[in-house]
Amino acid sequence: MEINVICYLLVGAVMLFAGVYGFFTRRNLLATLISVELMLNAANINFAAFNRYLFPGALEGHFFTLFGIAVSAAETAVGIAIMINVYRNVRNIQTDDISELKG
Amino acid sequence: MEYTIWILLLPVLSFLLLALAGMKMSHRVSGLIGTVVLGAVAVLSYMAAFDYFSLPRQADGTYATLIPWNAEWLPFTGSLHIDMGVLLDPISVMMLVVITTVSFMVHIYSFGYMKGERGFQRYYAFLSLFTFSMLGLVVATNIFQMYVFWELVGVSSYLLIGFYYTKPEAIAASKKAFIVTRFADLGFLIGILIYGFYVGTFSFTPTETGLMQGAMMLPLALGLMFVGGAGKSAMFPLHIWLPDAMEGPTPVSALIHAATMVVAGVYQVARMFPLYIAYAPDTLHIVAYVGAFTAFYAASVACVQSDIKRVLAFSTISQIGFMMVALGVCTGAPSHEGGLGYMASMFHLFTHAMFKALLFLGAGCIIHAVHSNEMSTMGGLRKYMPVTHITFLIACLAISGIPPFSGFFSKDEILTACFAFSPVMGWIMTLIAGMTAFYMFRLYYGIFWGRENKELHAAHVPHESPLSMTFPLMVLAAITCVAGFIPFGHFVTGDGLSYDIHLDAGVATTSCVVAVVAIALATFMYARSEQPVADALARRFPKLHRAAYRRFYMDEAWLFVTKRIIFRCVSRPLAWFDRHVVDGFMNFLAWGANATGEEVQPMQSGRIQSYVMWFMAGIIVLTLMLLLCM
Amino acid sequence: MNILSLFVLIPALMLLGLWAARNLNQVRGVMVTGASALLVLSVWLTVAYLQARGAGETAEMLFTDSVMWYAPLHICYSVGVDGISVVMLLLSAIIVFTGTFASWKLKPLTKEYFLWFTLLSTGVFGFFISTDLFTMFMFYEVALIPMYLLIGVWGSGRKEYAAMKLTLMLMGGSAFLLIGILGIYYGAGAQTMDVLEIARLHNIPEEMQRVFFPAVFLGFGVLGALFPFHTWSPDGHASAPTAVSMLHAGVLMKLGGYGCFRVAMYLMPEGLAMWGDFFLVLTTISVVYGAFSAVVQTDLKYINAYSSVSHCGLVLFALLMMTRTSCTGAILQMLSHGLMTALFFALIGMIYGRTHTRDVRELNGLMKIMPFLAVGYVLAGLANLGLPGLSGFIAEMTVFVGSFEHTDVFHRACTIIATTSIVITAVYILRVVGKILYGTCRNPEHLKLTDATWDERVAVICLVVCVAGLGLAPWWVSDTISLSVEPIVSQLCVLNP
Amino acid sequence: MEITLQQVIFGIVALMMMVCSVLAVTTGKILRAATALLFVLFGTALFYFILGYTYLGAVQLSVYAGGIVVLYVFSILLTRSDKNMNERIPRGRWFAALATTLAGLALTVFLLLGHGFALGGIPVMQELDPAVIGEALIGMGKYQFVLPFEAVSVLLLACMVGAILIARKH
């Protein structure tokens, strides 16, 4: 059971930058959201890993992760709601095409 | 003599009253207010003159210079400040009398002349304003006060010339008068500045040390001041405004452009006379030459004009030239006799004011009768207007220098002074005096004798003017008849000492003979209804006649300078430069900023992804920088 | 509380009142009350100031007060007045008062208009009472910004262009100014922002003055219409609504001259010694150039704007002459120009409001149609060309006498060139008067127009009385100013006869 | 050194997560991307288990893998967004994005490795007691989290209301 913390962090980094890359390149709103999920998860992993390795007795990282999950669930819910609404109006969810958000 | 301040205050009060409330008054009330106030001022002036000259002379035989009232008005530095006050000395007292007399006469006269005119109240308000300014000018205690009132008379003259403001000629004339004199006043102002700075005071009587410091600059300062005087007094080549100023109502021409304001330049030179004599005799002689040339020029132009007011205007210019010459030929060497010209000039100023006002008022009556200024509409008027005829004749005789009328005496003194200066000058002035007699009688015959314009007179019979207009004529004619016998030399002389006027037999005879010959010539040429000689002369020298008629093209020359050079070569290019170069540069800057914005605008794409990308790149760069720095 | 703070507080209350006002009458009520209060206050202040001086008060500034509001940079809200600021406050109050009446019938968005108008006056008053560099700068900016909206929204003609140009150029100037102010602050050892304090220290290194003097002078000079940074003025004035033109030409442009004097010259005399001649040439050009340009303009407001360039040029010109008399003359000129140009703009606005044209070629014979306005216009014109008895004369004469005290050829030549402007002024003034007022009216439409209404009469009469009052009784103003100019001029370490 | 089973599993899972996360952002089909995301989320849950945060792992599985991904799938199907997944971004931008990403990754990895974390072992690989979590979650003392908990609850409520409002048909 000798897993160095660095392993978690590396995985987290890869996930994060995969998310970043996706965020940059995707034009579909859903795909963009997926990328955001990746980034959030990467952060969550880091929280959990650091909490475990650095301060095993404390719970902050743990709870941050917990709350992070809750927040991302909320974000996804709202994001998808908006997206569906947009789709209903313009039949499209390409980021570039949705420039007129004003009423 | 503190009451003299009321001489200044009454007209200004009347002006304010008429200007602010005049429109609510009837013509009669407003005219009465103006006239009564002016009458009171005239009485005060006579009292002042009487009181002043009955004061005992000082130990050195001169009249004391009184300053009954003086207050600092605008301080500049410790020693330089504008004061407002009243200064009484022989010439200012003399001027008070002249101004108030003529002004009072003009006020009365205007009752008839301006009857029923629109803006009657305004007219009287302006007359009051003018009288106030002119009185302030002559009683000035210092050169700057003089300048202040100098400007004020300029403005009142502007307002009165432009009285008929719906007439384009009147507008142009008023504008021209103001701008030309203003241009000349620039010289006056700079002269004052030089004077004030080098002599250390604006007062007329600087301290000895001040004079020592300023002696070097005084000729220049006085010369520049004379430029101002030349503008006001219509000396060549700044005379062009005066003939045009005849567009104003005729009583105004009588008051401002014949009797009072136009002699302000003479008065100014007289006021600075002690300094001229002591420090700038050469400048004084320049004044004489300018005056002589102007006198000759104006006299020759007056010989061919057909508008009677223009003739009188050029005659005024010529006579003012006489006064300037008289001042200019003074020398300091024998201070008493050398100052004869000064006395002569002031004397002529006095008599000229009376008979020239008379001439103008008479001309006003004539214009009133025939409704035109042109000589061609007149002729033979002596039957219709006897009073005007007689008084006009008296004035013509006076200006021609026929004894015993006042002009003879004053002109004789001037000629004596000129002969004392140099015989050449004396003969030139005698010749001009002859020309004066000639053109005045040409005018006289043209109006009252000569070829009568019968159809016009049949259609509209000329009539004698009402008493309000003839009364001033008679008063002024009476003054003209007796003024020559005033012992003027007892009151006003160059060095202040009493001077007995004695006629130089030679000079008097010469000038009389010349005048009589000139009158005879004029009688021969113009008295009959046919004028073969005059027409023949005009045909013989068409170019000369035409040039003289067009006043030797001085107006065109000035028009060229102002319109072509200043307007077209300076102002327009400057305005263009401003709009296109200066403003263009600013607009170019704005355009440059705009263009740069257009260039970098694509970076603000509105795509959140690119923003995040830039953000990310920024973080990377920052982190790298941190790493490299640590 | 300090009496001077009322000058900022009253406009602030007016703003509140305007915000709460529900209809036009309430808006007008608030404006008239506030403007009258300001007028009364400034008159009271003048009297109190003169009394204090009469009682032998010798401090440079009176009614001083100081409250720190940002300690790390030593920024205080410090106020105080000397003779110069007292007369400037008086001028501003008069113009705000008359401006209110001049825009009595303005439509649309009257309430919003007056809100911005009041904000503008807040800035102006604040500027004149402050003695702290930064506070001054802040009020300066407060005065500038509303200008943009006032011209852009309520203006006429190419209003957007003019508003943009004016704001950008003045902002450019204030950028210089900010640099300059920081330069002064750090040059004086970063201990204080107070003008008097810095002047007393007098420790800004010479090489810093050399750099920062032109920055501050230009910064204020742009507002003072210094050639060649004057081009915002014709466009801006031509497009601005009446009262804004009045306030702008009457007061705001004076901020420039005041700032040049109080900040640039007072605090950096060595910089002035180096740059003085250069700027003097520019201002001389301004004076003559503005006058010549005005001669050929055809729009009334353009004529007056160029005339303002000329007259404001004379202000800076006189300041740069650096003698006590000329500086007194400069302040007098500010005062006089403020009053008469406000009068001019008010009248032009009223004429324009009736005829809907400002082109001198289309206007004739207004004297018969609207005599009151026409007489006012003639008076304003006469004041402008320096008729004795009206304010222009005393100011110009003081300037010229003061400038003439220099003995060297350069200053003399500049003075003589500048004096020629009075002739050219006469030319363009009389040209306009002759063209638009005299003659017979050729446009039948104009024959039906009416003369001034009561609100317009209030504005015009008030200004005419002030112009004439200053011209007839100049001694007290001149003395008051001269006394306060003295300590500043004595800093300038040049000839002082 | 011997390799424990745990390490082997960790390695496999880590590899799977990396591959899947890359796949999730590169694949052309949105459904595949969602599936890849699902795998990544599973992997994350496994990490939590390995770390001993059993409760967290369970939440991850139920909320993320069970809830959110289902939401994604639904909305993919609802919006038929599959058809426009193939639109590529311009080449320049794509390149810039790739370069930025790689640079960032390289930098991060360099920093991670360069820092030299010496946190090899975890003392006792024991599970976190849910009772502790529960106590910490509702306690009001130091290191207890009732306030954030409440905040998050409110947030979730707000989001729920908001989402309903937004998505509601007008």
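As written, the chains take the letters A, B, C and D, and residue 1 is the first residue of each chain.
We take it that a residue touches a chain if its C-beta (ideal position, glycine included) is under 8 Å from a C-beta of that chain, and two chains touch if they have at least 3 such contacts.
Everything numeric in this text was worked out from a predicted model, so none of it was measured.
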Mutual neighbours - chains that touch chain A and chain C alike: B
Pair with more cross-chain C-beta pairs in contact, given B-C and B-D: B-C
Mean-CA-position distance for chain C and chain B (Å): 37
Separation of chain B from chain D, taking each centre as the mean of its C-alpha atoms, in whole Å: 102
Centroid spacing, where centroids are CA-atom means, of chain A and chain D in whole angstrom: 6
Chain C and chain D, separation of their C-alpha mean positions in angstrom: 67
Sequence positions of chain B contacting 2 or more other chains: 609, 613, 616
Residues of chain D engaged with two or more neighbouring chains: 93, 97, 100-101, 104
Multi-chain contact residues (two or more partners), chain C: none
Topology of the chain contact graph, where touching chains are joined (line, ring, star, complete, other): other
Pairs of chains satisfying the touch condition: A-B, A-D, B-C, B-D
Chain D residues touching chain A - in the complex, by the definition given at the top: 1, 4, 6-7, 10, 14, 17-18, 21-22, 24-26, 30, 33-34, 37, 40-41, 44, 47-48, 50-53, 56, 59-60, 63-64, 67-68, 71-72, 75-76, 78-79, 81, 84-85, 87, 89, 93-94, 97-98, 100-102, 104-105, 108-109, 112-113, 117, 119-123, 125, 128, 132-133, 136-137, 143, 145, 148, 152, 155-156, 159-160, 162-164, 166-167, 169
Chain B-touching residues of chain D, taken from the complex the two chains share: 93, 96-97, 100-101, 103-104, 107, 111
Residues of chain C that touch chain B when the two form their complex: 164-165, 168-169, 227-228, 230-232, 235, 289, 292-293, 295-297, 324-325, 365, 367-368, 382, 385-389, 393-394, 397-398, 400-402, 404-405, 415-416, 419-420, 422-423, 426-427, 430-431, 434, 437-440, 474-475, 478-479, 482, 497
Chain C-touching residues of chain B, taken from the complex the two chains share: 72-77, 80, 82, 144, 147-149, 151-152, 155, 158, 162, 165-166, 168, 170-172, 174-175, 178-179, 182-183, 186, 189-190, 193-194, 196-197, 566-567, 570-572, 574-575, 578, 582-583, 585-587, 590
Chain A partner contacts - residues on chain B that touch it in the complex: 606-609, 612-613, 616
